[in-house]
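Naming follows writing order (A, B and C), and every chain is counted from residue 1.
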Amino acid sequence: MSLADPQFNALGELHHFIDIDGLDKSLLTQILDTAEGFAGVNDRTIKNVPLLRGKTVANLFFENSTRTRTAFELAAKRLSADVLNVDLVTSSTNKGESLLDTLHVLEALQCDMFVVRHGESGAAHFIARHVSPSINVINGGDGQHSHPTQGMLDMFTIRRHKGDFSNLCVVLIGDIRHSRVARSDISALVKLGTGEVRVVGPRTLVPSDVESLGVTIFPTLEKALVGADVIMGLRLQKERMRTATVPSSGEFYRTYGLSPERLALAKPDALIMHPGPTNRGVEIAGSVADGKQSVILEQVTYGIAVRMAVMSIVMGNATNLRRAQS
Amino acid sequence: MSLADPQFNALGELHHFIDIDGLDKSLLTQILDTAEGFAGVNDRTIKNVPLLRGKTVANLFFENSTRTRTAFELAAKRLSADVLNVDLVTSSTNKGESLLDTLHVLEALQCDMFVVRHGESGAAHFIARHVSPSINVINGGDGQHSHPTQGMLDMFTIRRHKGDFSNLCVVLIGDIRHSRVARSDISALVKLGTGEVRVVGPRTLVPSDVESLGVTIFPTLEKALVGADVIMGLRLQKERMRTATVPSSGEFYRTYGLSPERLALAKPDALIMHPGPTNRGVEIAGSVADGKQSVILEQVTYGIAVRMAVMSIVMGNATNLRRAQS
Amino acid sequence: MSLADPQFNALGELHHFIDIDGLDKSLLTQILDTAEGFAGVNDRTIKNVPLLRGKTVANLFFENSTRTRTAFELAAKRLSADVLNVDLVTSSTNKGESLLDTLHVLEALQCDMFVVRHGESGAAHFIARHVSPSINVINGGDGQHSHPTQGMLDMFTIRRHKGDFSNLCVVLIGDIRHSRVARSDISALVKLGTGEVRVVGPRTLVPSDVESLGVTIFPTLEKALVGADVIMGLRLQKERMRTATVPSSGEFYRTYGLSPERLALAKPDALIMHPGPTNRGVEIAGSVADGKQSVILEQVTYGIAVRMAVMSIVMGNATNLRRAQS
């Protein structure tokens, strides 16, 4: 854990949650353990806890995502925070206001936490470096860089089903190159000591230097699936298929689609995961997405507990820091 | 009461509120009696009660309606629920997500209740049949099929002013064919034992088989109004006037518009009702809409109490069912 | 204080907050003193107080303004009110509903307070004159007429830094003619007994009759700045620059831009204020906007306390009135 990482405060505690790369195994485990407690809260009939009462969480979405915005909004509300949805896709630059001016206004409105979603890689880091020290920033996905809460909810889902990571064989399939989910998952899997992490996909979508992260590139999906405990599909951006370098939907499914036949190559209790929304018949057969090994909707559910965990940890650390400094 | 109706749970209690057709008089009366209590809450200076504290109500609006969405949002907030507004007009299919995938994601986010507004008849039924048993579905209007909370708030308004239904003469005017409000009102009026229900409107907008529902078609508005206790206008969709089968605004008003002169044919204390928004000078004269017999704005007010009643009844039943099953 | 002013109720207490013109010094001082208490609340880690619990505040924004809407939303939430955001830019007239019909529906939904933002001068007055007596109306900016909460937050900011108004020299720069902020600031400054209020700007943007309000027109920015305690920039609407009567951005900055050199002409502790968003390099140099004399972001922060003060005062008066009348 590097104190120079902008994610940490003067006490060396997590202040922003931007990127799994800078975090160590014990911190990832703390997040998973905390989420475990909130997963229990979400099963209760009254789901709210007062940990963030009187706090204001601003959802700053520069990129549309109903699914992710809703998950963060619910997580914040279940912690009893007030939530502001600031739709920056349409509003911010109406009056020629710069990003920093917008941020400073939201700071001045005494928001306590920013959840940031942005199409540019590095946007959440940029914002974290420029906000006042009283604000916690959580990355809700930035460009092709990082989507750390998705990474952690994937880890939570795996741990709930498989327990220890050290004996697991995990396969990621598809567009490794452009996927912020893949980056966050690989980083978390490696840090948590996963036995083997395999990646497989079209040559144009799997950068050869990805092996330096601690994963192994496999030549065919069939070979990658043999012995797999966890199979993670990734969303194929259809917009990219229009370019010459990426196969068509049909071609992709023929070579990399997770069909029932291919699934049979993995261990019989292998988990099927996908960050959603799935393209049925492209990345995955509908029957596999809906099948009994699929935990795709559990991932969504656990996403709330994991986000509650991250929010409550950084907010608690902010309180510790204020006390230490006063 | 048929147990095969998807609106009922395994205990035979109301689980979804989709359509008045499947409900019996005692259940309609329970809703009205419960709403009576909430109407008192809404008169207090502090209007919130904690019945749905910790619950999440998702407003799924596939069709724009600020008025109806706001009424449901207020009803849910006055019950202390958390409310998610999910604008599906713009967001859902951005990424090619199907309706069912969207629903399953919202289920996985552990919402407790869906309020559904959709342009297709049968959409609320479809959704109720496919959601997980832990979710309650309330129909906020589907196509030309049903708008049951509007029907119940109309009944509540009538009962508050007139008491018993058995001696009442109620007239519905205008576009009976396309109106989900008319369907729900007729169904509720007949079940509650209304003395006489009359319908009147242009031949193209009054289906001849409507009499099988227990109402009488009248040839002219003048004849229909004689002896009326309650006069219900219906919104004329201006878009339909462009087709050859429907009269123009001016023509409609000349034959079916509720003018002060025509109103004089009804009983002197006849109520004037309309689901809103009114087209003044088309369905109704402005002076009649604003006159002392008009209860159009009371309908809006009572809509909150009625929706609070429906929400609290289905949520209470869900709790009963969980207890019975555990 | 005139009882004929629609802002006052039958007890002569503030009922709507539309325009500073009709208010007297003691009332302005009451607002500032009340805001002082809320500024303390906003510094606490739990920022909510229960003064408006169970009340519903509807934000009626006929004109987009994320910044102002957010400030009102936060103020209402910190008072524990339920907040409805009704986006009337897109929704209201979808079905041909008139403004008054929309208002009456929101009244019927038993909202307690309307915050109104509208592009037409006089809109908030119009609405205040037509709503039911149970509703409080707060003007969030109407056309070129008035923006009274901005005026009061500017006064609050000045008082916090400078204490008494009687010895102050305040300069307003730029588009006096079209600015609702300038009108509200001038009115408040004069009522609070400010020593000297100067205005300066292009001839086309400074109406000659403005001096009748109690201010002095200065021929050049340099002369106006000598001895200034407070310097208030105003936003230049770029759309207006396209017409022949207004100088271009570059021209404006050369003659009226607040540069570091010009700032040196004012007192060394002069405050720099601006309602935001600023056009850097047009009305003000970036280094001045971000410099240590700038209180531009403090204005945003104090805006919450001031809006909480106004909301709690009018809501408390409504309670007094109900008691007096019952």
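Heads up, the rule we're going with is that contacts are C-beta pairs under 8 Å (C-beta built on N, C-alpha and C of every residue); 3 or more make two chains touch, one makes a residue touch a chain.
Note that this is a predicted model, so its numbers are computed, not measured.
Look at the contact of subunit B with subunit C and you find different residues on each copy: under half of the numbers used there are shared. A rotation of 120 degrees, rounded to the nearest 5, superposes the Cα atoms of subunit A on subunit B. Separating the CA-averaged centres of subunit B and subunit C is a span of 41 Å.
Residue numbers of subunit C whose C-beta contacts span two or more other chains: none are found.
Interface residues of subunit C facing subunit A in the complex, by the touch rule stated above, are 42, 44-48, 64, 66-67, 70-71, 73-74, 77-78, 238, 276-279, 297-301, 303-304. Those residues of subunit A whose C-beta lies close enough to touch subunit C in the complex are 53-56, 82, 84, 86-87, 91-92, 94-97, 101, 104-110, 319, 322.
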